[in-house]
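Dropping a structure here in structure tokens format, bear with me for questions.
Letters A, B, C and D mark the chains in the order given here, with residues in each chain numbered from 1 onward.
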Amino acid sequence: MHIDHLLAGILRAGAAVAALVMLLILFFLLYESWPVLTELSVFRFVTDTSWHPLERAYNLMPMLSGTLLASMGALMLAVPLGMASALFIVFFAPTHLATLYGRLIELLAGIPSVVFGFWGLTTLVPLINEWHPPGASLLAGILVLTLMILPMITLTAYTALAAVPEELFRNAAALGLSRWGMISGVALPAARTGITAGIILAAARALGETMAVLMVAGNVVQYPESIFDPIRTLAANIALEMAYAMGDHRAVLFVSGLLLMLLVMALSAVAGLLEKHHHA
Amino acid sequence: MNANQGAFTLGPLEAGPACCVPQPVVQVKNLSLQYDGKMALDNVTLDIYKGCITALIGPSGCGKTSFLSAINRLTDLIPGCGVSGQILVNNRDIHHASSQVQVLRRQIGMVFQKPTPFPLSIRRNIALPLNEHGITQKAEVAAVTEQVLRDVGLWDEVHDRLDVSALSLSGGQQQRLCIARALALKPEILLMDEPCSALDPIASGVVEDLISRLQGRYTIVIVTHNLAQARRIANYAAFFWVREHAGQLVEFGRCQHIFESPSHELTAAYVNGSRG
Amino acid sequence: MPEMIWHHTLQKIRDCGVQGFVYLAVLLVSAVFVWMLADLVRGGFAHLSWEFMTESPRDAGRAGGIASILVSTVLILLVALVTAVPLAWATAVLLTEFVPVTSPLGKTVRFSLFVLAGVPSIVFGLFGNAFFSIYLGLGFSILSGGLTLACMLLPILTSTAEAGLRAVPETYRLSAAALGITRTAALIHLIFPAAAPALAAGLLIGIGRALAETAALLFTSGYVDRMPGSLFDSGRALALHIFDLSMNVPGGDMPAYASALVLVSLLLCINILAMKLAYSLQRRKILT
Amino acid sequence: MFRKNSYLLICLILLSGVAAGLVLLSTAPASAATQRLVLTGSSTVAPLVSEIARRFESLYPGVRIDVQAGGSSRGINDVRKGVADIGMVSRALKPDEDDLRAFTIALDGISLIVHASNPVVSLSKQQVVSIFTGNVMRWSAVGGPDTRITVVNKAEGRSTLELFLDYFQLKNSMIKPHIIIGDNAQGIKTVAGNRNAIGYVSIGAAEYETRRGMPVRLLALDGAAASISNIQNGNFPLLRPLNLVISHEPQDLARQFLTFAQSPQVRDLVKAQYFVPVDAH
């Protein structure tokens, strides 16, 4: 009896520490960004002329727009391709090919972002540069992000589709539905919540990604006029400037970290809710 | 190996004395049980007699399994389960602060509906609970293992493969192993929750036979849906019924009485197969 | 009925179109990935050698190998695991075995881990820099990098362990309790062994994550590329080495390719191992 | 028995962790006994200091010197925060930095670089300003091929950027860059990989990389060729000192290292990096 109590006590302590990490992170982000949040008006982050921290201009909007544009562009490419990949595995491919392709996608899901960034830097950027200088651009960022989130979308969509009961398909086939009729009418609606949750998680990943984008997007703070213009994302900005930032500048970087975290948290909360809703 | 070796006294079952005496070992007084505030068992008072087989019968959901779990305090493990009333085992309140639940459960063995061997070897399945209760000497553990496997008639079937996974046994064998595992701790009381219902008819027959041979040595409380089985092996029977969404004890008495001349019309209807 | 035939023809065309799109997409995705992997192998294989694995980098990584990088990577990983695994598994055991799913404690812990799982890695880097490097005074060291990674690994290790422990049949717990076995003993002798494949798979996933991480280490473990003498020294992780070589070292592409190849093969092995464990787990579930 | 295997695997991973931990614990006291110096800051100074540190270590066994690049501002920042013992700063200290003390170890210049295939050999001050502010978008306007110019700018916090802006009397917000880079080496690598790019870096670093075969070329500034001799005789207009800075009275080891870094013992190293030793100035 007492040994169980002892163990429960130890476990409680462990769990408390694990839970405290979250609070600690929040506390330190707030603590470090506090000087700016209290001294500077929040509007400065929207109304300042640009992002020139050494000239005390702290407009985060160009980087926020860069972050959102890169993520949305990546989603626009990765969702159709990822869905097609999942449909291929579940419905179109012969078994051995499906397994092979599934393995390929699983392998890609494990490739670190820095390798994607490296490949983008050495292969994609020079290619785009040939076509439309300077090469390091929103487009390169979008392409690299697409490669990164595509496996994620495929795997979640595959899991959701595989969880649709087999009888539904048999019934659909018995009703004489065409293949696309079956997929669009039965499979996709049945797997909808799972797929959506996967896409939202992929979006969160794209928003928070640092290294790959840092390496290929050019990192110029601006509102891009075309996809060939370079951009800087919030995450890349932190990685780029954190090392030497002092005073307000450092605090603003923590603010952008906070902003990024809230964005990503909101997305994963939506995904979590969807999933819960789905299971209920 | 000689079965009578060492301190272990249980002889071959066939030779054991069969004594079922109307002397209460377990006294259940005003037991009520609820899950998250919903009453599952309402005010049950019942005595379990020493050395006898008591069958708990009644339709599904009338609280028989809950009643069983309350006796060895397995209800502690169910979140949101509340128990009120008193249960005395050998005149000691099982909920009394000084009574240790591990000791209680050693004293009261339990066998579940589905065979539940641990994913370990056959030998380890029996050795693990022994070790946990302080019996660690290898020779003693081996002796007990052989003894209880003989008791359940499994020794001849498995003695040459004690180190294979218990999961490789057939369903009937697994259930007998579970009974052997419970017997290894030398319990006074055995609780059995439909021990035959998950088995095929032949395996079920073997296990039923085993249970009836255990009569007299152990006080057995068995939940069963098989009325014929209850009639064949039990000395006493307790009939439960659902009233107002909660299980209640309707009638308790000798088996013969319950099945042949029940005092309550519900019991009569149930044992005749017209209700339930 | 000509309309009906027309309708069916349309359907067929549509089906073909969809099929065409799916095949095209798959072909494109496979082609790009094969292109990428081929690039890595082509670029890195020639540079790989025994010396590359056993020598320390010289001349900013252009010459020499990655031995010190590998040592730093392993050390950072170990610090992360030694810290995160006990915490994560303790939390998982508490959540599955000791508190009900709906209890306030369980809900709080689960919620905070859920939130933690959504935090971008660069934010972990910010936190690690502010807390471990500056507030605790660990500076740029393997210790602060490893501890930052540990925070990052907590949610993934906890959730995999929790799922693994929950998959252990309830009957084991009940029958162990019915035999008067303490929870602690049941945990050690029954539940942990039964959940071992899931725990191992989760551990491998965590290791994979940690090996791939760059952003969280940028401002915590630093990027000194020398052989670390102690945990208080700065150490450059393999992923960070690739980043530095490709961004900051003219002529660093070849060793960067080779390092990337090493990292990807390492992660590949870990993934295959994790997948094998997961599959064997599934197969066993079907068998029993 | 896969379960057994995975149990073994877990044990193995954890055991190796514990073992490694023990090994490290046992080595920790030993390494605590060795003296350690951390230097961070300018990517221009870092390669030189790394070489100096290596020589210093070979002269004084048991000393470990870690060098990390990241920009002059980082050097100042880290020294102030106590994260680094010595900061590397590739410019003179500013008036608001009088809490620090600087030790100059070499001189360097800053000049523009283009890809080696670019026919342009020199640019006037006005042309540079036009290019960097986005008024001139194509190389043809300054005598090059008819391609778009890719402007490579330095990230904020780099002293190379500050000195460049100062010299051309620009503000960073006026520059219309296409790529932002951090380290000198990244700038050289970017220009080497892009035929249309123009950037500006430390002359020493550019010289070092061109000698190693990087396809970049230094442009003359205001008619003065970006050469070592022009820096040495002070004819080059965009000069700067390479400094090591400290925030308080240096400990024994730090003082020893500072003295060593300024001594003639490292002059060959300074020259090997294509910088100009101070005593020769």
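Basically, contacts are C-beta pairs under 8 Å (C-beta built on N, C-alpha and C of every residue); 3 or more make two chains touch, one makes a residue touch a chain.
These numbers come from a predicted model, not from an experiment.
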Item checked: Inter-chain pair with the most contacting C-beta pairs -> A-C
Item checked: Identifier of the chain whose CA centre is least distant from the whole-structure CA centre -> C
Checklist line | Chain centre separation in whole Å, for chain D relative to chain A (CA means) | finding: 33
Margin query: Measuring centre to centre with CA averages, how many angstrom lie between chain B and chain D?
Written below: 79
Next item on the list: Could you put a whole-Å number on the gap between the CA centroids of chain A and chain C?
Entry: 16
Check: Listing for chain D: what residues touch at least two other chains?
Finding: 3, 182
Next item on the list: Two or more other chains in contact with one residue: find those residues in chain B.
Entry: 101-102, 119
Item checked: Residues of chain A touching at least two other chains -> 1, 243
Next item on the list: Provide the residue numbers of chain C that touch chain B in the complex, in ascending order.
Entry: 100-102, 169, 171-182, 185, 189-190, 193-194, 288
Next item on the list: Give every residue of chain D touching chain C within the complex, in rising order.
Entry: 2-3, 6-7, 9-10, 13-14, 16-18, 20-21, 24, 27-28, 31-32, 34, 36, 38, 40, 43, 47, 64, 66-69, 81-83, 182-183, 185-186, 188-189, 192, 209, 212-214
Checklist line | Interface residues, chain D side, partner chain A - complex | finding: 70-74, 76-77, 80, 147-148, 150, 153, 155-157, 171-173, 177-180, 182, 193-194, 196-197
Notebook entry, point to check: For chain B, which residues count as touching chain C in their complex?
Noted result: 72, 74, 77, 79-80, 101-106, 109-110, 112, 114, 116, 118-120, 128-129, 132-133, 167, 178, 181-182, 185, 191
Notebook entry, point to check: Which residues, counting only chain C, touch chain D once they are in their complex?
Noted result: 60, 74-75, 78, 81-82, 85, 133-134, 137, 139-140, 193-194, 196-197, 199-201, 203, 207, 222-224, 226, 229-234, 247-252, 273, 277, 280, 284
